[in-house]
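What follows is a pair of complexes built around chain A, which joins chain B in one and chain C in the other.
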Partner chain A sequence: MNTLLGRLTPWIAGAAVLIALPHVFTSGFALTLMSQIGLLIVFALAYNMLLGQGGMLSFGHAVYFGLAGYFTIHYLNFIYEEQVPYIPVTLIPLLGGLVGLFFGILIGYVSTRRAGTTFAMISLGFGEMVTALTLVLVAIFNGEDGIQTDRVLGEELFGITYGPNIEVYYLIAGWCLVCTLAMFLLTRTPFGRISNAVRDNPERVEFIGYSSQRIRWLAFSLSSFFAGIAGALHAVNIEHVGFEQVSVIQSGLVLFMVYIGGTASFVGPIIGATLLYFLQSTLTGVTEAWVLYLGVLFVGVIMFFPGGLAGLISMHQPIWRARARLLAPLLVPYSRFLAALIVCVLGCIGLIEMLYFRSSRLSTETELVIYGVESDPFSAGPWLIFAAAAALGAFAIRKTYPGAVSAWNTAIADARARPLG
Partner chain B sequence: MESIIFAVFNGVLYGMLLFLLASGLTLIFSMMGVLNFAHASFFMLGAYFAYQISEGLNFWAALFIAPVIVGLVGAGIERWGLRPVHRYGHVAELLFTFGVAYVIEELVQMIWGRVPVPYEIPELMSGALFTWQGFDYSIYRVFMLVVSVAIFVALFALLTYTRIGLIIRAAVSDPVHVATLGHDIPRIFMWTFGFGCALAGVAGVVGGNVLGTEPAMAIQLGPIVFVVIVIGGLGSLGGALVAALLIGIVTRLAIFYDYGLGSLFLSLGLEIDTAGLLRDFTRITTAQVAPVLPYLMLVLMLIFKPRGLFGTRDV
Partner chain C sequence: MSSALTLAGLRKSFGAAEIIRGVDLEVEDGERHAIIGPNGAGKSTLYNLISGRFPPSAGRIHLYDTDITGRKAFDINRLGLTRSFQVTNIFARLSVLDNVRCGCLYALGHRYAWWKLVGRLQDVNEQTASILRDIGLWEKRELPAGLLSYADQRALELGIAIAGGANVILLDEPTAGMSHSEVEQAVSLIRRISEGKTLVIVEHDMGVVFDLADRISVLVYGEIIATGTPGEIRASSAVQEAYLGTGAN
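Presenting the complex of A and B:
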């Protein structure tokens, strides 16, 4: 009983947080942001069923997300025209999931014969094909404009109409919780385990009598199902779907979220989706260079922290479990390294912003403000300061990095020397 | 009839440009197992460098200098970026190049802005070489064809008849054995990568002024180049050539013959739907479908012949 309660605690806490969030952050911007993050978490977790758990790198998973979105919008419009049976908006995401599942089964059959590079290339091919089709089949996809709907169908249970954004937030939060739980439980089933085995060594899986292609196909279809749910939620939330939602841009974004968050752990995609979408929606208004920063962050994670953010956290779990006090000696070397990193990053950001300003400046009237200080990108002063900060930071990173690594090595060795408990 | 020849000629031209990109990509892939997602970005860099150099010097200097710089950039990215990632496996390498493609596109926008740059065809070659049956054949298009054919021949000769080519081909089929013979495999990888990028750079120099030098050019061309090497068969240069020409000619012919599916249905005696959601399928013309065709060919190829036209290994 105790263990069951212990297992349920994170889920109950998660539900409580989801219920409480709109009461803490009450602004309209925050509400839209949280709704969007909620459905992106579902999409990111679905994507990680492929990348992290199944070992399939897809460049076209937005196809299932976007097609479900298109279908949802059309279905809502058809309900207005009374051409199709009525389905309450609460259950519409399930319909989107089935659309995703349908296309997942169809396309998955062709594309899951191999994993790795081959799979990645085929997924890109399908992604490009569907994106090109959205611009060709105008009646269904309406080209670059996309299609729209009105999500308010009338009153449902308890007088919910999905008119106010808060009701849509709770719709998304509810589906997010249910889907997260379902995908988590899926990793604990024999299917989840054998999917991991196919990722690690498909040949051995064949030896014990499974078809690795079928396992991949099943994982692909299920992942498309959850991606479809996320796509339908997106359609209900925004009330619009355009070709961006099926394009490689959306596929790349979910890949970035999952990889930067960390593919090896279940919570990685949740961290990645939350952090990246938060950064995206706050930074796009401030800087033109957001995509560049995102790309550099992604490349940096691949080169230096392949485990992602969740990997960085779980690196310290054995130390913390053995004895929390062992984390104390890490504090000084870590903060030295972090300080060096921040100085370097701030310097580089200054340089990049000035370069962007010079190339895209529309008039001489506007002024560039970096870190609250007016910086003239046509005089030498700011360039020298930012270049010096970047160089100094880079030098300090080289100096402090070995210290941070050796501190971690000592701590982990100490932790392993102690018996658990 | 004359117009078909004209369309085919344009298709061959486009196909040879695709081949310049695909040859480097397939060389890198077959040797290192790395599918270079950023390959079209090097094509874009070639065009932008050529624009910058032809502003300062002239087109002919750009033709020789820009590919060299692109190759050096590529070799540098391999040495300090890709090589450390190598130990995490091919998927991590692929992801790395995907990230690099994003970064290059953004850097290009940062330096040259978001709008196309005026990279023009050199004045010397802007006129028509000859006029035949009412169609103008510009000197520059013929020049493009000559350059790409010359590079194909040079590449073929390099790989077949020289010692370096021998080592490269050996490293493609069995890197471990070549390493035990005393060759520095990481260095060969680095220069092959750089060389492949330089080929893409050449394509950028000669193609950038015709296709338009803008930040989106990499994303538009990149996926089609992948289609070319899959259809041709991974690791096969001859296959890449055939597939590139095939895609070039088919897409150009589709645009040229603006033939609607609706008329086909009508001639088959079928009734066509002109109002419902499916009306597009009858109204659509081949010119509109042209951008989808390469991907359709890719999917069909993967279903019926996963090795591609001339591939020796499964996709």
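Presenting the complex of A and C:
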């Protein structure tokens, strides 16, 4: 019983967190943010069924997200005009999932015939093609303006109308939990295991009775189903879908989320989607250089932490599992390294912001405020301070990094030395 | 007497180079058949043709009564033929247990199932456990396969191949690179797993070949120059001349 309870605990805790969040962060901004993060988690997990589980790098997965979004908007509008059977908004995401599944089966049949680079290129091609179509077929997609709807169809069960944002939040939270559980269980099925096997060694799979192509197609279709659910949730949440949602930009964003979060673990995409969308929506209002920071973060993670943030956590798991106290000696070296990193990053941000301010004459702001202090980018003082911080930080990173690594090495060796309990 | 595997007039060319130049071979049901020959004789190519890695340029291949010429590898595997690889070919990031488990999923009828949990499949669990014990990797079942030692990876390679319970087993140099004691273990393992099945084995270690095989075929430059019992092969002057070398000690 201990095991069943142990297995259920994370899910119950997750549900509790989802229920409690809007009571902790009550602002309208926070509510929209959390809703959007919830549906992006579904999208990112769906994407990782391809990348992390199946070894398929797609540059065009937003196609299934976006097309389901377009379809959802149209369907809601058609319900108003009483041209289609009524479906309660609560169940509309399922419809979006079926749209994603349909296009996943169709396009996947072509694109999953090959793996590796060929697959990646075909996915890019389809991504560009569908984006172009949304701009050309104005009757369906309404060009650059996109299409919109009103999600309030009337009262559903328990008097829910989806008028207030809080009701949409709970709709998304519910679907997010169900989809996450479903995708987690999928990794534990024969399909899930063979999908991992295809990722590791597609050729060998053929000699144990499996068609690697068939597995990729199945993974692609199921992944498109969940991407479609996320797209429909997006449509309900924002009440608008445009070409951006099918475009390569959206596809790239989900790739960034999954990579930065970590492809090797199931929770990686959840971490990545949460962090990235949080940063995106809070930083876009503060700095014009957000995309630059995103790029630097992505490159940094790929170069130094290829396992992503989840990989950083999971490399400490054996230590924690062997004996939690073994983590204690890590505290000081890690803090030193982290402090150095923060100083360096703060210095670099200061430099970048001043550079941006000087180069963009269009800025309506007349003074630049960095870290709450007015900094004049036309005097030498701030430049010197930030440059010194960046250089000092970089130097300190080099000095403290070996200490952090050797502390981890010692701890992991100690952990391996004791038998697993 | 029925044949498990029949090759008739088999040929394979890569560009202008003909690697397999008309092979006729019958492997009887239930026998242990070794294929020997110098490097570059075409042994691995022959395996690749039989197991469906590439189609032959000419000739037919029968598995029992079924013509498997030019069929896809997974089709041939589903008909009950399995193979191992000379260069270890495993699923590096999966655990040792999952490697073996993947080997038996299709054969036990679970195919592409995405609606049942893999840990709950009693038949798979039992078969996986029994194979892991057989190949001596039960204690290491939780490790990622990529972290195993070379000899353990060779054992796992064998485990994946036999996990589906195929009736015809093709092994490609299963003892290559092993130490003397490891070879002994491997031979007794191969003897055990091929009990009641048909085994074809490509091997360079003559001790292993003469110890294990009921019959031996000698492949030289893409042709089989002799087939017979170990005694006959040892006595054959044609074999000595072409393969062992007349002056061999």
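Miscellaneous remarks
The criterion applied here is as follows: the second predicted complex is superposed on the first by the 418 of 421 C-alpha atoms of A that agree within 3 Å, B and C clash if a C-alpha of one lies under 4 Å from a C-alpha of the other, contacts with A are read in each partner's own complex, and residues count from 1 in each chain.
Throughout what follows, a contact is a pair of C-beta atoms (placed from the backbone, for glycine too) under 8 Å apart; a residue touches a chain by one contact, two chains touch by 3 or more.
For clarity, every value in this text was computed on a predicted model and none was experimentally measured.
With chain A as the common reference, the superposed partners chain B and chain C fit together side by side. Between the Cα centres of chain B and chain C, as seen from that of chain A, there is an angle of 80°, stated in steps of 10. In the superposed pair of complexes, A:416 makes contact with neither chain B nor chain C. Contact with chain B, but none with chain C, is seen for A:303 once the two complexes are overlaid on the shared chain. Using the contact criterion defined above for the overlaid structures, shared-chain residue A:204 touches chain C, although it does not reach chain B. By the touch criterion defined above, A:185 lies against chain C but remains apart from chain B after alignment on the C-alpha atoms of chain A. In the superposition on chain A, the chain among chain B and chain C reaching more residues of chain A is B. In the overlay built on the shared chain, the residue A:128 is in contact with chain B alone; chain C does not reach it. Once you line the two complexes up on chain A, you'll see the smallest CA to CA distance from chain B to chain C is 13 Å.
Contact residues on chain B toward chain A in their complex (touch as defined above): 33, 35, 81, 84-85, 88, 90-92, 94-96, 98-100, 102-103, 105-107, 109-114, 219, 223, 226-227, 230, 276-281, 284, 288-289, 291-292, 295-296, 298-299, 302-303, 306, 314-315.
For chain C in complex with chain A, the residues that touch the partner chain are 51-52, 72-74, 77-78, 82-83, 85, 89-94, 98, 101-103, 105-107, 110-119, 121, 160-161, 163-164. Looking at the complex, you find that chain A touches chain B at residues 55, 57, 59, 74, 110-111, 113-114, 116-118, 120-122, 124-126, 128-129, 132-133, 135-140, 248, 252, 255, 259, 289, 291-292, 294-296, 298-299, 302-303, 306, 352, 355-356, 359-360. Of all residues in chain A, only 185-186, 188-194, 196-197, 199-201, 203-211, 214-215, 218, 222 touch chain C in the complex they form.
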